[in-house]
Amino acid sequence: MARVRTALLPPVLAILFAAGLCAVALVISGASPLTALGAMVGQVGQGTTAVDIVNSAAVYYIVALAAAIGFQMKLFNIGIEGQYRLAACVAAIVGGALVLPPVVHTLVIILTGVLVGAVWAGIPALLKAYRGVSEVISTIMLNAVSLGLIAFLIRPDSFGVLQGNNISTAPIEPSGQFPGIPTGAGTIFGMVFVAAALGLGYWFLLNRTRFGFELRASGESPTAATAGGVNAKRMVIIALVLSGAVAGLAGLPEVLGRDFAYTLTSPQGYGFTGLAVALLGRNNPAGIAFGALLWAFLDKSALALDNVGVPRDIVLIMQGSVVLSVVVAYEIVRRYELAAEQRRVASQLRGPAIPQKEPVA
Amino acid sequence: MTEYAVELAGITKRFPGVVANSDIHLAVRRGEVHALCGENGAGKSTLMKILYGIQQPDEGTITVDGEQVRFRSPADAIRAGIGMVHQHFMLADNLTVAENILLGAEAQLGIGAKARTRITELARTVGLDVRPDLLVERLGVADRQRVEIVKVLYRGARTIILDEPTAVLVPQEVDDLFVTLRGMRAEGFTFLFISHKLDEVRAIADAITVIRRGTSVGTADPRTVTSRKLAEMMVGSELPSPQTGESTVTDREVLRVSGLALDSDDGGRPLLSDVDLVVRAGEVLGIAGVEGNGQTELVETIMGMRRAAGGTITLSGADITRAGTLARREAGVGYVPEDRTRHGLLASQPLWANRILGHQSRPPVSRGGLIDREAARRDTQRIIEEFDVRTPGVDVAAAALSGGNQQKLVVGRELSGEPVLLIASHPTRGVDVGAQAGIWDVLRRARADGLAVLLISADLDELIGLSDTIKVMLRGRLVADADPATVTPEELGAAMTGADGAAA
Amino acid sequence: MSTATQTTAKSASTVRGRFSALPGWARSAIVVAIGVGLLSVTATLTGQIQLTSSGTTQAAVRLLLPILFAALGGLWAERAGVINIGLEGMMILGTWGAAWAGYQWGPYAAVVGGLVFGALGGLLHAVATVSFGVNHIVSGVAITLLGMGVTKYLSTLLFFPVSQNPRQSPRVEGFETFSVQPVADGLLALEREQRVVLSDVSGLLGGLLSGLTPLVVLGFVLVPASYLLLWRTSFGLRLRSCGENPVAAESLGVQVYTYKYVALVVSGALAGIGGAALTLNPGQLGYLEGQTGGRGYIGLAAMIFGNWRPGGLLAGSALFGYVDGVQLRAGGEAVHALLYGASILAVGLAVLWAVRRRWQTALTALLAGAAVYAVYFSTETVPREFASYAPQIVTLLVLAAASQRLRPPAAIGLEYRRGEGD
Amino acid sequence: ARDTGSAPAAGGGEEETCARNAAPAAAGGAAPSAAPLAPNADASALRVALAYDVGGRGDQSFNDSAAAGLEQAISEIGVVRENTRELAAANGESEDARATRLRQLATDGFSPVIAVGFAYSEALTTIAAEFPDTQFAIIDSVVDLPNVTSLTFAAEQGSFLVGAAAALRTTSCQIGFVGGVEVPLIQAFEAGYVAGAKAVAPDVEVDVDYISPAGDFSGFNDPARGTEVARGQLDGGADVVYHAAGGSGQGVFEAVAAATTPDAPKFAIGVDSDQYNTVAAPVNEVIMTSMLKRVDVAVFNYVNAVAAGDLAVIPPAFDLSVDGVGYSTTGGGVDDLVTDLDAYKAAIVNGDITVPSTP
C-alpha cells in the first residue's frame, strides 16, 4: 500500500504542478487554461486521435524502453535517434527489395531493423568499452553521421524511389506489412502488441533473469558488480547493443503499419522523446507505459490547441516541466522514505544506539 | 586566560534512528595531547565534526579559550584556531599538494610564491618532502597524512583534531608521527587524538576521555591506566582477542600463486612482481603490508578483477589464471572485500538481492539463467539467523543496515555455496568490537572445516592472532615470512617498511 | 563516506619527455604550428586553396564561436562537478534573449540578453541538481525541453506582433567588424601572391586577424580568462575543488553549494552568450526557431574532447568549426583533400612513436595512415552526404584515437549533500 | 580599423568576359501576358482552410505566399475571413499528425482544404478518400483522387529565367546556387537555374552547393551555415548567388551584402516570393530579382475555381504560360535585362526551349 502510494504520489503531484505552471503561462498570454484543457481532452474523441495516441504511445514506449535499458547501467544512449532512423531506413529498403511469404517477410524486416539498430549502437559500445569514449559524445556525433548515411542510402541512384517531390524507399509488399486492427476510428498498429510484449520482456529480463540482475548491479555499483563477477566491459557492450536493438524497432510500427516505406518526411525526434519518457517512467515498464501515453496524449491533442487559438508550444513547456518536477518529486519522496526506513530499522532494534558505521548516502 | 583550550559540555546529536552523541562532556587543557577512546560507532567522529563545525549539535555548548562559540561551518572553527585531520583523507587527488593545502585558506597569503614558501617551511616541520606542485594522487599514505597536517597548520590552527591518524600507518611511521606531535606540543599546540590502538594512546596522550555508546563515561590517566582497563571502560565488558587455537592446516593445496606479476596502468613501477604463495586447506595465510604496497592489487588479481601480466594462479589444481571473476567464484572462491560499500554491496537494493551478487549463476538463488527470488529470500533469512545480522527483514535496503551488520551479511554470503578458498581483506575494518568477535569466530570455524583463507589486515594483532603463516608484502613483492607464534607487531612493522633490510 | 576520492584516475599521461617539460603555451604553439604547416602542405600538394584561405579561417571562427561559448559553459559546470547536458536548452534561451534585447537596444544589449536568459537556465539546473539532487542528465534533458517550449511560447507572444512570424524575431543589428591593422592587410596581401606555403600560412593567420567582432574577441579572451580564473585564483581553486572532492572542500570551509550555484549560473550565461553569438551571426541577425541545431551538444563534446581544459576545448571547437567551414565553403573535394593531410599526419605520428620505441602504436598509426591514403587515392571526392558531417566524423575519430588520456573531474555527476561526508 | 570590404576573390584574375548567346528571337518580341484563368466568381459561401507546412504563416516563403493567395481571395472574391482557418505543421511530426490536421478541417466543414507542401501527400490520400464530398488541393505534389486538385509549379522554368539573368549580370563568368536541402523539389530549381545560365553563357561556371543532404531538414533553417556556403562561393569568384534554401536564405543575402562593394557589386537572387519586399533593408538592396513561385496565384485561382464550380481551368502545372512562376522586378535590379528575359520566357512558353527539372 505504502509502496503504491510512493510510486504514484510523485507523478500525480508533478503533473498537477506542471499543469499549474502551464495554466499560469496561458493566463499570462491571455488564453483560458480551461478552454485549452477542454480542447485537448475533447480532441481525444475526435477522428482517429484516440487510435493515434495509442499508436504513438507504442512508438514512444519502444524508444523509451531502449533508453531505459541504457539508464539501468547509467549509460546515456543519446543515439537512439540515429539508431531507429537508420534501422527503419535499412529495414524498409530490405523489405521493399525482397519478395517473401507473408509472415517470413515481416520477420525478416523486423530482424533487419533490430540488427541495424544493434550494429549502429555497437560503434559507441565498442568505443566506450575499449577506447573509453563517452557514449554521450559518440552517440551525438553518430546521430549526425546516420543522417548522412540515410541520405546516401535513399538517394534515387542508391535505393531511393522518387515519389513526386518526395523520395522514399521501394514500397513494401503486403506480404511484408504488419497487419493492424481496424477500428471505427483508425487502425491500431499490430506492432502495438509487439511493444507491449517488449515491455513484458523488459520486465522479465530485468527482474527475473541473471542478465537483468547483472545489468542492474552494474548500474547501481560498477565496482561491486565487478567484484561479484560481472564483466563490466561486456555489460557496457551488451547494454548499449541491446538498447540499440530495441531502438531499431521503434521506426517499424509506422513503416510496417502505415507508410510501408521510409521517406524523407518520415518522423524524427523520437530519440529525445524516448529519453524523456524513460525518465518520466523511472525505467519501470509500467511507469514508462504511463509516460508514453501521457506524452502521446499531449502530442496528439495539442493539435486541437490551434483550433482554440492557444499556442501549441504550451505542450512543450508542460512536457519539460513534468519531467523535471517528476524527478524532483521522487527525490523528495525518496529522501523522506530513506529517513523513515532508517528510523524504522532503528526503532525495531530498540536498545542502545545502533552502531551504524556508514552514514547512508 | 583559562586553562582549557576546548570545552564541550552536554553535547547531544541525533541522527535518524541513532543518537550519536548524548550529553558528552570533554575538557581539553591547552598544550596537551588529549586522547578520545571508544569503540566503533561510539560517536567520536561525530563529536569531532561538531567541534569542527561540520555538524551542529542538537544540544550542548562549545567553549574555546573560555569563550562560548557557535560554529556554523568549518570556516568558523578554523577562524577559532581549530583544525581537523579526518579519519578518511580529505584530499582531492587531481589537485596538487599546494592546492590541497591552500584550498579555503587562500586569503592568508594568496596562492602565489609567498604561500609556497610558507608551505615548504611547514612541510619541513612535519617531515614532508615533496614538490608542492605534485599531484596528490602520486603520494603514499604517510605523505598524504602529512599533507593533511600541513593543511591544518597552514590555517594557523592551535588545536588540532587527529581522527585515527595512525590507522593506516605502520609502527615506524607512527613513531615518526609521535615525534612530530611531541615537538609541536612543546611549541604549545593542543591535540585531540583518536585511536583504537590503546598502546599508542597510552604512549602519546596526556589525558584520556572514554566514550561509550554516545556518552562520555569518564577520563583516565594514561600513566596509570592499563590497556585492558581502558578497553573495559570502552566496551563495558571484557575485550575479546583474536586467537586461532590449535593448527588445522592440512597438506591439501587449495591456492597456489606463482610468479604473479601485474603492471601499473601508467607504465610506472610494476604493482606486483614475482609473487609466490600457497594456501592449504584449513590454513589461514596472513599478508602484512603497509597500505599501497600491492595487497589490494594481489587480492584483485587473484579474484580476476585485474589481469595478471605474468605468472599463474591455480585453484585446487586447476589453472584459473585466465578465468574471469565469475568463473573463479564458481570454482569456490569467496571474497570479503576491503571496502564493502564499494565492492561488496548494492546499497539501495534489498538484502536478498545482495545475497545474489556473486552467486547470480549458482543455485540456490539462480537456475538456468533465471533468478529465483524466493530461494534468495530464504537463503538470506538463513544468513541472517546464522550470522546474527540484525535487520527487520530481508526486504530492507542494504544501506539501512549498520556497518557491522552489513559486514556480517557479506561474510555470510561469501561463506555460502561451500567455498574452498576465502579471501578476506580487512574483514573487521570499521566494525565494532562485538561484531569483530563474531567475524573472528566465523573465520575460525570455517578454517576448522577445512577452508583455506587468505587474510589481509592492517590490524597486526588480528593478523598475528588469526594466521597460521604470515607473509610480508613490500612494493609489490613478498619480502619476508613470519611465524605468528613468535613475531611481535613491532617486528612485523619493521619488515613491512623494509626497515629490517628485508627489502633489498 | 567520501565517494569523491574513490574515483581514482588511472590515465596519468604516459607520454613524457622534453615536450611535456615545456610550458603549456609553448606546447600549444608547437601543436598549432604543426597543424598550420600540415594544412599548408596539404593545400599546396592537393591544390585545394580553400583549406588555407583567410575566408575559411573566418568561416571557422564564425562557426566555432557558438560552440566555443557552449564548451566554456560546459567547462564551468563540469569543473564544479555538475554534468551540463542542458547547454543546448540554455543556448536556445540565449538566442531568444539576445534577439529580444538586441532588436530593442542593439548588439551589446543582445549579448547581455543572451547572457541573462542562459544564466536563468543555469540557475534552474543548479536548483534541480544541487538543491534537489536530481540526476544531472535528467535535469539537463528537462531544461532543454523547457528551453524549446519557453522560447517558442515567448516568440509567439512577443515576436509575432512585430515580425508577423511566430518562429522568428525581427532583424537585429549586428556588430561592425574590424581588423588588426596593418598586420591583417599585410598578411592578406601575402595570401594573394599565391606563394607556396607562405601564402597558406598568411591566409590562415590573416583570417584570424580580420573580420573580428567584439563577440569574437570576447570568445577568445574568455578562454585564457577562464584558465586564469579557474586555475590561477583562489576562487577557481575552490570551484574546481567542488568537482574533485566536494566533501574535502566543505571540510575546509568552502561553501560548496554556493560555488556550484555560481558555476552553473556562469555556465548558463556562457551558453547563453553562445546563443547570442548565433543570433548575432552575420548570416542570421535574429532569432529563428531551431537555429541552435544541436550546437550545445557539440559544445559539450568539444569540452570533453578538450579534456575539460580551456585550451583543449578551444582546440576541439576550432577543429569542429574549421572542418565545418571547409566543407561548407569548398564541399566534398576539400574534405577529400583533408584525407591526404590525415595520412601525412598519421605517418608523422608513426615516426614519432617509432622514435620513442612504441612500436605497436607506431605500427597502428602507420596502418591507419595507409588506409586513409588508400581511400584518398581510390576516390575523387567525398560524397556530399558524408562531407556534410565531416566535423562529426573527424571529432569521433580523434576521440577514438586519443580519449584514453582524458581525465574528467573526479566527482563529476555525483550527488553531493551538505554535511553528509565522513 | 574597419574592414574596407570583403575578402578579395581568391579566384584572382580580372574579369574575363563571358561569351554570351543572343536572346532567342521571340515571335511577338514580348512574352504573352497571361490572362486570368477564369473570371472572378463569388466565393462568399466558401469555408476555406489552409494546412501549412512547417513554418506556417510568417515564414516569408511559400507558406506566406499561400497565405497571400487566401488574402487575395478574401479581398477580391468575397471569402469571409471568419470562414477561414489556418493550421501549421510542427517540425519532424508524424504522418498521423498531418492526417489529423486535415481531418479536423474536413470534419469542421471546411471545403476547400488546401494542403501546403508535398509532405501532406500521404496524409491527403487517406483523408480525401475519407471525405469524398470535401474539395482538397495540394501544393507541390500530385494526388490522384477525384476530389483532390494538385497545384504544382514548373519551378525549373522560373529558375531558368533567373539563371539567365544571373549569367547576363555576372562579370566574373561565375555564379552560385545555394540549395537548402538536397531534395528533388530543390534540385528542380538547381536544374532550371543551371540550364538558364548555360543557355545565355555556355562557359559560365555554376557553383552548386547544398547546406544539408536529403532527410536533414536543418538546411532550410540554418542561416549561419547558409551564409558560409554563400561566402565560399563569393570568395571563389561567383558574383551572383541564387538561393533556394528557405530560412537559410537570409544568410545568403547577408553574405552577398557583406561582399558587395561599389566597384565590385555582388548580387543575390531570392526565391518563392518577391524577397526584395520581405527582406529588411538595407540587405534587400543586393536582391536583383526573385524567382517567383506564385503559390498565391495557385491558391487564389483554385479558390476561385471552386467557387465557380469549374476546376478544369486549373492547369496541370503552374508554369510561365500562366504566370504561375516568373521573376520579380521590384528594386529595378533587372530592368536592363527584361527584354532578354522576356524573350527567353516566350521561347519557353511556345516550346522552343524545354527546361529540365532534374540536374
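The first chain written gets the first letter, and so on, giving A, B, C and D; residue counts start at 1 in each chain.
Keep in mind that, in the parts below, a residue touches a chain if its C-beta (ideal position, glycine included) is under 8 Å from a C-beta of that chain, and two chains touch if they have at least 3 such contacts.
Just so we're clear, the structure is a prediction, and the values are computed from it rather than from any experiment.
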item: Contact-richer chain pair [B-C vs A-B]; value: A-B
item: Centre-to-centre distance between chain B and chain A (centres being mean Cα positions), rounded to whole Å; value: 45
item: Inter-chain centre distance, chain A versus chain D - centres from mean C-alpha coordinates, in Å; value: 39
item: Inter-chain centre distance, chain A versus chain C - centres from mean C-alpha coordinates, in Å; value: 30
item: Two or more partner chains touched - positions in chain C; value: 1, 11, 166, 385, 388, 422
item: In chain B, residues with contacts to at least two other chains; value: 341-342
item: Chain A: positions in contact with at least two other chains; value: 147-148, 151-152, 155, 358-359, 361
item: Chain pairs that touch, as defined at the top of this document; value: A-B, A-C, A-D, B-C, C-D
item: Complex contacts: residues of chain A adjacent to chain C; value: 25, 28-29, 76, 78, 127, 131-134, 136-138, 140-142, 144-145, 147-149, 151-152, 155, 272, 275-276, 279, 311, 313-321, 323-324, 327-328, 331-332, 335, 358-359, 361
item: Partner chain D, residues of chain A touching it in the complex; value: 46-49, 52, 55-56, 147-148, 150-152, 154-156, 162-167, 254, 258-259, 263-265, 267-269, 299-300, 303-304, 306-307, 312
item: For the chain D and chain A complex, residues of the former touching the latter; value: 85, 87-88, 90-97, 99-101, 103-104, 107-108, 118-119, 121-122, 140-142, 182-185, 212-216
item: In the complex with chain A, residue positions of chain C that touch it; value: 1, 3, 11, 85, 124, 128, 132-135, 137-139, 141-150, 152-153, 156-157, 166, 294, 297-298, 300-301, 304-305, 383, 385-386, 388-389, 392-393, 395-396, 399-401, 403-404, 406, 415, 417, 420, 422
item: Of all residues in chain C, those that touch chain D in their complex; value: 49-50, 53-55, 58-59, 62-63, 66, 160, 163-168, 170-171, 176-179, 181, 188, 192, 194, 207, 210-211, 278, 281-286, 288-291, 293, 324-325, 328-331, 384-385, 388
